[in-house]
Amino acid sequence: MTPLLPPDQSAQTLIQALPYIREFSGKTIVVKYGGNAMIDEGLKRAVMTDIVLMRYVGINPILVHGGGPEVSEAMRRMGKEPAFIGGLRVTDEETMEIVEMVLAGKTNKNIVAHLNREGGKAVGLSGKDANLLVAQKDTRRGDIGFVGRITDVDPGIIHTLTAAGYIPVISSVAIGSDGESFNVNADTAAGALAAALGATKLILMTDVEGLYRDFNDKASLLSEMTTGEVDAMIASGAADKGMIPKLEACLDALDGGVERAHIIDGRRPHALLIEVFTDSGIGTMIR
Amino acid sequence: MTPLLPPDQSAQTLIQALPYIREFSGKTIVVKYGGNAMIDEGLKRAVMTDIVLMRYVGINPILVHGGGPEVSEAMRRMGKEPAFIGGLRVTDEETMEIVEMVLAGKTNKNIVAHLNREGGKAVGLSGKDANLLVAQKDTRRGDIGFVGRITDVDPGIIHTLTAAGYIPVISSVAIGSDGESFNVNADTAAGALAAALGATKLILMTDVEGLYRDFNDKASLLSEMTTGEVDAMIASGAADKGMIPKLEACLDALDGGVERAHIIDGRRPHALLIEVFTDSGIGTMIR
Amino acid sequence: MTPLLPPDQSAQTLIQALPYIREFSGKTIVVKYGGNAMIDEGLKRAVMTDIVLMRYVGINPILVHGGGPEVSEAMRRMGKEPAFIGGLRVTDEETMEIVEMVLAGKTNKNIVAHLNREGGKAVGLSGKDANLLVAQKDTRRGDIGFVGRITDVDPGIIHTLTAAGYIPVISSVAIGSDGESFNVNADTAAGALAAALGATKLILMTDVEGLYRDFNDKASLLSEMTTGEVDAMIASGAADKGMIPKLEACLDALDGGVERAHIIDGRRPHALLIEVFTDSGIGTMIR
Amino acid sequence: MTPLLPPDQSAQTLIQALPYIREFSGKTIVVKYGGNAMIDEGLKRAVMTDIVLMRYVGINPILVHGGGPEVSEAMRRMGKEPAFIGGLRVTDEETMEIVEMVLAGKTNKNIVAHLNREGGKAVGLSGKDANLLVAQKDTRRGDIGFVGRITDVDPGIIHTLTAAGYIPVISSVAIGSDGESFNVNADTAAGALAAALGATKLILMTDVEGLYRDFNDKASLLSEMTTGEVDAMIASGAADKGMIPKLEACLDALDGGVERAHIIDGRRPHALLIEVFTDSGIGTMIR
Amino acid sequence: MTPLLPPDQSAQTLIQALPYIREFSGKTIVVKYGGNAMIDEGLKRAVMTDIVLMRYVGINPILVHGGGPEVSEAMRRMGKEPAFIGGLRVTDEETMEIVEMVLAGKTNKNIVAHLNREGGKAVGLSGKDANLLVAQKDTRRGDIGFVGRITDVDPGIIHTLTAAGYIPVISSVAIGSDGESFNVNADTAAGALAAALGATKLILMTDVEGLYRDFNDKASLLSEMTTGEVDAMIASGAADKGMIPKLEACLDALDGGVERAHIIDGRRPHALLIEVFTDSGIGTMIR
Amino acid sequence: MTPLLPPDQSAQTLIQALPYIREFSGKTIVVKYGGNAMIDEGLKRAVMTDIVLMRYVGINPILVHGGGPEVSEAMRRMGKEPAFIGGLRVTDEETMEIVEMVLAGKTNKNIVAHLNREGGKAVGLSGKDANLLVAQKDTRRGDIGFVGRITDVDPGIIHTLTAAGYIPVISSVAIGSDGESFNVNADTAAGALAAALGATKLILMTDVEGLYRDFNDKASLLSEMTTGEVDAMIASGAADKGMIPKLEACLDALDGGVERAHIIDGRRPHALLIEVFTDSGIGTMIR
């Protein structure tokens, strides 16, 4: 536990957050939660308090999560070896069942319990609930099974929950037209939700500091980019492969009316609060 | 598919349901869904349409489910042999994780998807969501791990959802004071919810016709009992062991203000509709 | 009393109505009630239960009625011989007073009492109440007295009543600019109301099976027509004279945004339910 | 038309009404409308403007009416001679039908049309609408047919209408448990409604100046009485026979929580306004 | 105290006001209160009752006031001599402080107390409250200190207050971008508010009868003018200098959507009521 | 300007405030603002930001202020020498006028402008507005003029304003039964308001550290007292004279249902935030 600041400095700090509280009061912020911040217990707790605090100061935070490592671990326990093609999990029917059990039954409820313990009122959903995320088979990289592309978002249930003070936590599973489940990328889901909700911000928590002009030069971190620059980075091949779905999620969100998208370093404790409530923007902001 | 009735007879049948529609319009009915009706695809679909119809005619149906067989199967796939003491599953930490994944991640979302396909707007919850079901360790039969006894119900999220037209589907997992998960009996959870919601009816779907005066004499089916008679049946040892948690759930609900509790035969297609919308009460009604 | 179906078939029948309940839930359906269905006690009771059922499953039914035979009978009892020109009642001041007394004071309240007995909450109105139907003298067939042409509909009172769960029952009397009463055609009034309310359906109950391609060939019943075909039928003179105001009411309603208009056979018990809740559309549907 | 006052005096007069407008703003006043004020065209128009004005200054006026003379006239036109026993109309089935047609179909709608012409939004009801007035046979004076005694008032529809700005106009017809109609005394109906609505005032419009200590001495007009004094007046036989139902209506209303009951002289133009908005209480006030 | 009219004439007078009550019910009327009507105790009380009466009959009156003479008197008591340039008060910082104390602390609260005594629920505001009136330095006549030109009106607080039944009373002080106070012309403020509120009428109370075609010929009073005529009057120099800000306030209001602007003679008791509730429009109406 | 903390520490500080934000979210806190915190520009700005922050995190802060020094200064500028008897200002009519002008017209609007500049939506009121504070002459210390004792609080306007997001700022002037103004003690007014509003906390800002067991021993500061101990302190004469009205205000508030009353040191920057949002309670808490 961090030693307490003297009370006068604490008060001063609260006051420095006031302009940001004012700015985001009543606004919706969609956070893709993932990476180390989901594994390290200390980081996890920090994220949970950050989210609860955001809710108490009048912001509507929406949490979206995947959970790759936990899925792979559960698969192995069930005697199945995970396989990936082009970064996407090969998802046969049995794998899809495991994905859904892990994401909606374990990871999701675990996050919910943590938020409630910090004083939030969280409700966990998958994209199947109230047809929140509708998808169809993603065949862009051939047939790799129940991997889905989001075709529709019905944000009604999110509005119902946030109006009543709840914090929605959404696992990246979508529903198909025959009621089947699809595994969807959590960054993409977060971007689609942010657009459908008219969110003010989309924040993707990653395990990198942000985007670099030159990936090999850690000193070339970009604190701000335009959508044009992101397009160019993707087109030029300069973007890291693993970063591409995140960049596309940001572009989709901005294209759908979201004001700003952020790629932040989830390894830093309270990265969310620092991004939202201080002058020190962190990571890369795209607009 | 059942052959269609001539339209005039169809109309006549609708009219015969009118007094029941009038009676239950605006009321809450908690249904414990389980047994064969959860396994047989035809029965399952019948239950789903029954629930959606209830919602459309102005009733607030609440579905509570367990999922024992699916849990045992998943355990075996993960190389764990299920064990039971006095009918309760021995639930170590790893088992609890599997219980929760299966109930909240697979069974629950499967029911939700089915309801939505029939035109409902279903939302799946576990007892962890919004602290709906709070439990502590049940030590009445010694320490058998994460088996819980419900100590508190916070029905706020259910009111939020039903007021907005959603059908809540609740898996029988509760939250402990340290955020840990507890496996709770689904009949008991349904009874506790019915009481907390001020429900009009509690309906437990089983794989028997109802209660018998003499368990060995199928002709002694009891269509109606008082709580006093149920107390006596339990005290005398005449009640079937597996039936006792169901009877206790009924007594708790009635004690908590629910008007009527029903033990019905889920093996009969549309048993719910028959119970709610026709003269032919089925199974055993307790009041 | 029709013998009861076995409960399983009853349940099946309710389920078959579900898609229709879903479709019309929250929608407004204007029904012109008249003919034999208003005279025969059995048919009358069937219509009343049909209307109450519609209300309970979430539909807003609006009933509009005339009452020619009762008016003529009352006139004769008062020593006045009814007279008609071109199908329209010659309506001097004294006749108008009788028309209004019979429609608003007898027929209307009789329907209201029947609906309330079946469990509805009905409220009877004439077009004078809250200036619901405003008319001016209809001189298209010369001066035949207080026969009116509707010039304005103020649906405010209908919205107030349906929002509070009431079933409005409206007699076909309108108000003139000097507060005088006008006798208006009930089919026309129903059509005008359906348009003003943005109703989904207009249903005219008649004493015929529907429209025939050839009026003398009962086998030529048309189950569906377009507005163009109806226009043509009127222009060609093929339409039965008594049917023309009904057809015009349908065209006016469709023109005003109503989705479908139906001419159904009120002599068939529960014709309304059959039309609304079964696959077997009956009579003629115009769109 | 009364000559206009100079504008300064008009303003002064409005100001003198202010304390009364303040006092009754948001309150309910039930007015039994009858006698000469219902026959004389000038008086009638004055009552209508008074009622509309009351509504515009924030009062909820409720009008209740009978219509004896019009009923008798209609009966004679239909060849039936009116008969009375103890002041109550002998009401066989045919008479009841005529009573209802005249009151609900003619008198009621006529009042509604007048109020609407003065700028009100009036809605006419009989006691059958929404089961507003429920009655059973009144056998206190032997069997004189469909004369009813009010046993229940369901004021729901009145609250719906007044909340939406409408002026309810109610004819003195009640509904029996089998849906049959009953002729009820309009003063009694007004008193029962005033109690059920928690009205502030009940005002009975009559053709006398008020109550007299000595009926033969016009100088003995009583401007104020207590309920005890009214009880005594009835017990002593000093009360005029025709006045007794009015006095009983007042006592019932006061007993039911109404603050004041007034018997006023409807022959005086704008008697309502004078009673409600000026210092000059007129007639007899009972409390 | 004016002698009371006979009650029948009082009633008649109320009725004559009914068409005006109907017309303005629910509408907003902005009144600039000033001149003799603010000094003479009898006139003052008459204005207060007029405003309270307007509120009780469903109008939303908004009162705007300045208070020049009281300011000058307070300045002299504090040893400062008032100075004016082109009709505008030279307003150094100390003067501004006195202006604000007198208007917002004395005049405003005095009006509020008077309205409350007459039964109103008044709330006093200055343009600083909730940033109601925002201004910047008016340099059109050189630098004469804290004299402001209104640049923005935020009517939110007015809507909050009127929806809850309060009568807003607003002193003519505005706020600058650095939180400093500005002295603004009360007529101008009233016009700007009327436009921002979508008022139906703007009424300026003055110490003249109205506008004259020829200022020296009292017989040339104009009862009605168009905005074009007012423009011409200003352009031609025919308008009295002191009248120009009033005329401009009227033009601004009409330009902003207000239906009618009135310049009335506040020296006449109840001039407001006479203008609003009688046939005798007084003063000059511009549209 | 305090140097900024490193962002990580800022985030940590925000998190440490979370339990307090949770606790007071939706609660009402009445703050008596006075002393040095009202004079020193730095302290003033700190208080304003503290109040705005409280509002943004969901608390309803209500500010009550007096303004003695400014009143005395204005009196002297008008050539009147302030006089006091037993700590109360001798308040003749002219003095009362100055008190009101200064408090309601200068101090109040100045606070409002400051709050709005920090992003609040503040509305200034005196006790005269909407009859918020009603008083009668306080004769407990003889006749010292328009010094009042609060007899009634009508908190309606406060509820209207806080529900719409406004911050009410109230000057300590009350209204008498004849509309006259009374000078009331601001601490007392704050206590009475806290009780009438069912506030959670009353906080009195003073120029002392809190209460001392022994006034001469600065080391004997009491961090917590019970109402019994406060009663005893007053009875024993140990309480500082100037402190007595503050202690009585606290007792009145606690007696009226307020949970805690605090006497804090307004000379410390952000004393409000420190008290409300940190572990370090400051000053003396009474319960």
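Should a chain be cited, it is by its letter among A, B, C, D, E and F, assigned in written order, with residues numbered from 1 in that chain.
The criterion applied here is as follows: a contact is a pair of C-beta atoms (placed from the backbone, for glycine too) under 8 Å apart; a residue touches a chain by one contact, two chains touch by 3 or more.
As the structure is a computational prediction, the values presented were derived from the model and not from experiment.
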| item | value |
| --- | --- |
| Neighbouring chains common to chain A and chain D, by label | none |
| Longest centre-to-centre distance from chain D, chain (CA-based) | A |
| Whole-Å separation of chain centres (CA-atom averages), chain B against chain E | 68 |
| Chain C-chain E separation of Cα centroids, rounded to whole Å | 56 |
| Inter-centroid spacing, chain D versus chain C (mean Cα positions, whole Å) | 35 |
| Set of chain B residues in contact with two or more other chains | none |
| Complex contact set, residues of chain C against chain D | 74, 77-79, 97, 100-106, 108-109, 112-114, 116-117, 121-126, 128-131, 156-157, 160-161, 164, 166, 173, 175, 178-179, 181 |
| Chain C - residues contacting chain B, complex | 2, 4-5, 7-19, 21-22, 25, 46, 49-50, 52-53, 56-58, 118-119, 268-270, 273-274, 277-280, 282 |
